[in-house]
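Dropping the structures in below, format is C-alpha cells.
Okay, so chain A shows up in both of these, paired with chain B first and chain C after.
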Partner chain A sequence: MLHTDMKTIVKYILLDLFKNKTILVYTFILAVLAVSVLSMSGNSSKGLLSLLNITLLFVPIISILFATIYFFNSMEFIELLLAQSVRRKTMILAEYCGVASALSIAYLLGVGLPSVLLNYSPASITLIFSGIFLTLIFTAIALLIFVVFKDKTKGIGAAIITALFFTLLFDGLLLSFIYSFSEYPIDKPLLGLISFNPVDLGRILVLLQLDVAVMMGYSGALFKEFMGSVIGSVYTLGCMSLWVLIPLAASVRKFKRKDL
Partner chain B sequence: MISITHLTKTFGKFKALDDVTLHFERGTTISLLGPNGSGKTTLIKSILGLVIPEKGSIIIDGDEIRSNVSYRSRIGYMPQIGRYPENMTIKQVIDMIKEMRKECTVYDNELINGFGLTAIQHKTMRSLSGGTRQKVSACLAFLFSPDIYILDEPTAGLDPLSSELLKEKIRKERAKGKLFLITSHVLSDLDDITSHIVYLQDGKVMFYNEVDELKRSTGENKLNKVIATIMQEDLLIDATY
Partner chain C sequence: MKRTFGQIAFLFAALLIAAECGASIIKVKPAPNAIHNAIAKARTGDTVVIMKGTYKEHEITVRKRLVLTGNSFPVIDGENKYQLFLIQCDSVIIRGLQIQNVGKASMTDMAGIKVINAKGVIVDNNKFINNTFGVYLQNAAFCSVSNNIIHSDFKDEINGGNGIHAWRSDHLSISGNIISGQRDGIYFEFVTESKIISNRSFGNARYGLHFMFSHNDTYTKNTFNDNGAGVAVMYSHGVNMYDNEFIHNWGDASYGLLLKEITDSRITRNRFIKNTIGLHMEGTTRVDVRQNLFQDNGWAARVQASCSGSNFIQNNFIGNSFDVATNGTMMLNNFDSNYWDKYDGYDLNKNNVGDVPYYPVSVYSVVTEKIPSAMILYHSLLTDIMDQVEKVLPTIIPDKLRDDHPLMKKIKL
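Right, the complex of A and B next:
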C-alpha cells in the first residue's frame, strides 16, 4: 500500500515536472555550458575542472531554491492527497523523490550526457556522481526547510541563505580558521570541518580522481595526503550519504506531527 | 456518525478550538458558520487529520481517528483553495486520485459531466480559472461516493448555474443518508440545503441546532436574518446532542 501510493504520486509529480519550464531551462543551460566547456579546452582535465566549478556553483543553489518553491506551492495538493488516506511519511517521501529525480535527470542530461560523450574518463563519472549527490543533498535540505517553516517567503529566504552559506561563506570561514591557527597542527580538525560542507565534499570527491588535486587548494591536498584516493573517496561518499539521510529523516519526523 | 469531544487546539497563544464537543448524524447537512478565525477550518482539518489537536477525541463510526488513517477514504474533501501541480491536466489529476483509491471501482461522474469537464480535460491546471479549479475539487470530493462530505467554502468561486448544480447534488446525496459538513460565508447560498447550524466564535461552539427550530424561535425565514437575530439578542440556545 505504502509502495504503490508512493509510486503513483512520484509518477504524477514527474509528469508535472517534465513540463516545468524551470527544469527545461536548467537542463538546457547546463548542456550548453557543458558542451562549450568540454569542446573548447584542449586539455581534458582542464575542461573537467571548469565543469566541476559550474556544477558546484549551479547545482546547490538551483536545487535548493527550485525544490523549496515547488514544495511550498504543493502545500494544498499535499493536503488533498493526505485527505485521501495517504500516510504522511509516504506523502513527504514521494514529494522528495519526485523533485529529486526530476532535478537529477536534468543534471544527467545537461552535464552527464555531454561529459560521457565528449570526455569519457573515471573522473567524469565521479563528477556526475558528485553532481547527483549535491542535487539529492540540497533537495533534502529544501524539504527540511519546507517542513520547518510555515511561511513560504521565510522558507525561500532560508533556502537562499543556506545555499550562500555552503557555496561562499563556509570557505571564507575555513580560510580565516586556517589563517588564525596556522601555528598549530590543524590538518585533522580541518578534515572534520570540511565534512560539514557538502559542496566541499563534492569538490574533493572529484579532485581525488584528478592529478591536479595538489594544485587545487588546501583541502584536496590534505585529503590525498591523509587518506589516499580510495579511502578518501569512501569517506567523502559516506559523509555525502549522511547529508542526504539526516535531513530526510528529520523532515519525515517533523512532518508527521506538523499542523497543515 | 462523527463524535467530537472536548477538542482543543492552540496555535501559540491563540486558541483556535476551545473545548469543542459536537455530534453529527447521518442524513444531515451541517453548516459551520462563524466569523474569520473562529476555528471553522481548524475543526475541519482536525477531522481530516491535517491538524493534530492537543486534547479531546474525534470518533468516526466508533473508531478514534488517530489510530488509523484509512477512515479518510470514506470522506470526500473539497478544499477552500484548490491548487494543483501546474502542468497536470484535469484528466491527470482525476486519474491520479483514482489510482490512489484502487479499492473503489464505481465512480460518481455526475458532477464531471454536469460541469462539462470532459470537454476540457486536456487543459492544464495552470490555465484554468479559479472557478473551474473549484469545479475540479468538487468532482474529486464526489467521485468515490463517500459517506461523509467535507466541503470548505464550496460555492465561493462558482457561477450561479454551477452553484445550483452542486447544491442539487448535495441534496440528492443527503437523501441517501450521507453526512455533509459545509463551511460558507455566503449564508444565502446555504439557505435551502442546510438542516443544522453550528455557530463557532473564538473557537467555542456558540450554538448547534436544527435550522427549522432556529427559524421558529427567531421568527425569521432567511438564514442570515436568523443568525443576525440570534447574535443581536445574544440568544444562545444550548447545544442539543
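Right, the complex of A and C next:
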C-alpha cells in the first residue's frame, strides 16, 4: 500500500516539476556554465575547479530555496491527499523524493553530462557525486524548514540563512577558529569540524582528487591520508548520508504531529 | 723577429709529428683484465679502443694521458660492488662507453668515472646506467662532461648518488647531458666559473640541479622537470640563469627554483611552468628577475621578507593560483612593469601601462602564510570574497609590495 501510494505521488510531483519552468532553467544554466567552463580553459584541472566553485555556490542555494518554496506551495495538494487514506509519512517522503530526484536529474544533466563527456576523470565523478549529495542534503534541510515553519515567508528566510550559513558563515567561523587556535595542533579537530558542513566536505573531497591538493600542505596531506583510505571514504560517505537522513527523519517525526 | 716565428713554427711542427708518431691505437677485446692490461701497456697519448662486449673490471685507474674510446658502447660492469674509472691525469678523454652497476659504499663515493686532481678531462657521449654516482669530479679544472645519458633506477634519496657530482672544481663545462632517476641530477659544491648548458635533468629523487658555494657560474638552456624537489641554489653569488625551463616540479615540498642566500645574480628569460612553487627566494640580495614566464604554478613567486634589493621586472604571470606570497609586511624588493593576468585595473591613456597599481599578494595568501592549516579553506566562497574585498580596500596585504606599472598586455618573450 505504502509503496504504490508513494510511487503514484512521486510520479505526479515529478510530472508537475517537469512542467515547471524553474527546473528547466536551472538545468539549462548549469549546462551552459559547465560547457563554457570546461571548453574554455585548456587545462582540465582548472575547468573542474571552476565547475566545483559553481557547484558549491549554486547547488545548495538553488536546491534549498526552490525546494522550500515548492513545499510551501504544494501545501494544498498535501492537505488534499492527506484527507484521503494516505499516511503522513508516505506523503512527506514522496514530496521529498519527487523534488530531490527532479533537482538531482537537473544537476546530472546540467553538470554531470558535460563533465563526463568533455572531461572524464575520477575527479569529475567525485564532483558529480558530491553535487548530487549536496542536492539531496539541502532538499532534506528544506523539508525540515517546511515542516518546522508555518509561515512561507519565515520559511524562505530560514532557507536563505541556512544556505548562507553553510556556504559562507561556517567557513568564516572555521577561519576564526583556526586563527585563535593556530598555536595548537588543530589539523585533526579541523577534520572533525569539516564534517559539520556538507559543502566543505564536498569541496575537500573533490580537491583531493585534483593535483592542486598538494597546495593544501600538511593539512591537505593529512586529509588525503585519511579521506583517501577506505575508512576515510566510508566516513565521508557516512557523514554525507547522515546529513540527508537526520533532517529527513526529523521532518517525518515532526510532520506526523504537525497541526496542519 | 722572423727567426723567432720560424723557430716557434718548427718547434710546433716537430711536436705535432712527435705526437702523431708516438700515438698508437690499442684495441681491447673482452677478456679478464683486458682494459687494465691495455692501459698498463699504453704510452702517453695512445688511444685505447674498447671493442663491443662486456667487461667486468673495476678500479681502472688512468695515470697517463690516454684516449679511451668505445666501439659501439662496450659495457663496463661494476657488479653493484665496485667503482670503475679513476682518472688521475690531465687531458684524458673517455667516450662511447656504457658504464653500469657501480656499487655503493659508505666510506667512498663510488662513481662510474671519477676525476681526481686533473685538468682538461673530457667525458663525452657515454651511457651511465644504475650507478651510484655517474661522473664525479673532485678538484678538477677545465673539464668537459658532455652528451652523456645518465640514468638510475634507485627510487630513494638514501641509496642513490648524483648524476654529475662536482666538488671544488673550476672552469667546468657540463653540456647536453640527459640525467634521470639519480638523487641530484647535477650537484655542485665549491665549483666556480663553470658553464652548464642544454642539459635535461628529470625525475630525480631530490633536486634536478643542486649547488652550494658555487660562484660565478652560468646556467643556460637547461630543462629541469618532474624532480622530487626541483632545483635548489644556495650560498652563492654571481649566478647567471638564462633560458632555462623549470617544469612540473609538483609535490608537497617541490620548488621550481629555490634560492637561498644568493647575491648579485641574474635570472632571465626562464620559464616556470606548473610547479607547486615557481620561484622561492630566501635571504637573497640584488637578484635580478627579468623577462621570465610564470605559468600555472601554485605560487608563482614566494619572496620572503629576508630578501632585499631584488628586482622583478617585465615578467609574465599567467594562470597561477597565487602570484606572490611573502611572510612579512616589509618589502625591500622592487616589482615593476610585469604582466599579471589577475590585474583588473584600467588604462585610460592607452599607453599599455595600467593606471592603478597591482597588489600581487592576495589576502588569503597572507593568511595561509601565517597559518598553513587555513589552506583547508582553499577554493571556498569565503576566501574569494575576502580577496575581492581586500582588493578594493587593502588593509592586511603588504601595501609596499606592489607593481606601480602593471602592463596591460603580455610581454612577448
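In the analysis below, the second predicted complex is superposed on the first by the 245 of 260 C-alpha atoms of A that agree within 3 Å, B and C clash if a C-alpha of one lies under 4 Å from a C-alpha of the other, contacts with A are read in each partner's own complex, and residues count from 1 in each chain.
In this section, a residue touches a chain if its C-beta (ideal position, glycine included) is under 8 Å from a C-beta of that chain, and two chains touch if they have at least 3 such contacts.
What you see is a predicted model, and the numbers here were worked out from it, not measured in a lab.
Chemist: Contact-wise, after the overlay, does A:131 reach chain B, chain C, both or neither (first, second, both, neither)?
Modeler: neither
Chemist: Is A:202 touching the first partner chain B, the second partner chain C, both, or neither of them?
Modeler: A:202 sits against neither chain B nor chain C.
Chemist: Scan A:16 for contacts with chain B and chain C and give back first, second, both or neither.
Modeler: A:16: touches chain B, not chain C.
Chemist: Please work out whether A:110 is in contact with chain B alone, chain C alone, both, or neither, and reply first, second, both or neither.
Modeler: neither
Chemist: Quick check for you: in the superposed arrangement, does A:83 touch first (chain B), second (chain C), both or neither?
Modeler: first
Chemist: If you tally the residues of chain A touched by each partner, is the higher count for chain B or for chain C?
Modeler: Greater contact footprint in residues on chain A: C.
Chemist: Using the touch definition from the top, say if A:182 reaches chain B (first), chain C (second), both or neither.
Modeler: Once the two structures are laid over each other on A, A:182 reaches chain C alone.
Chemist: Taking the superposition on A as described, I'd like to know which of chain B and chain C A:257 touches: first, second, both or neither.
Modeler: In the superposition, A:257 touches chain B alone.
Chemist: So which positions on chain A get touched by both chain B and chain C?
Modeler: In the superposed arrangement, which is not itself an observed complex, chain A uses no residue for both chain B and chain C.
Chemist: Going by the contact rule set out above, which residues of chain A touch chain B in the complex?
Modeler: For chain A paired with chain B, touching residues are 4-5, 8-9, 12-13, 15-17, 19-20, 73-77, 79-87, 257, 259-260.
Chemist: Give every residue of chain B touching chain A within the complex, in rising order.
Modeler: 11, 45, 48-52, 69-73, 75, 77, 79, 81-88, 92, 96-97, 99-102, 124, 137, 140
Chemist: Write out the stretch or stretches of chain A touching chain C in their complex.
Modeler: It comes out as residues 43, 46, 49, 52-53, 56-57, 167-168, 171-172, 174-175, 178-179, 182, 186-187, 190, 194, 199-200, 203-204, 207, 211-212, 214-221, 223.
Chemist: Taking the complex as given, what residues does chain C use to touch chain A?
Modeler: Residue positions touching the partner: 250-252, 254, 276, 296, 298-299, 319, 321, 367, 370-385.
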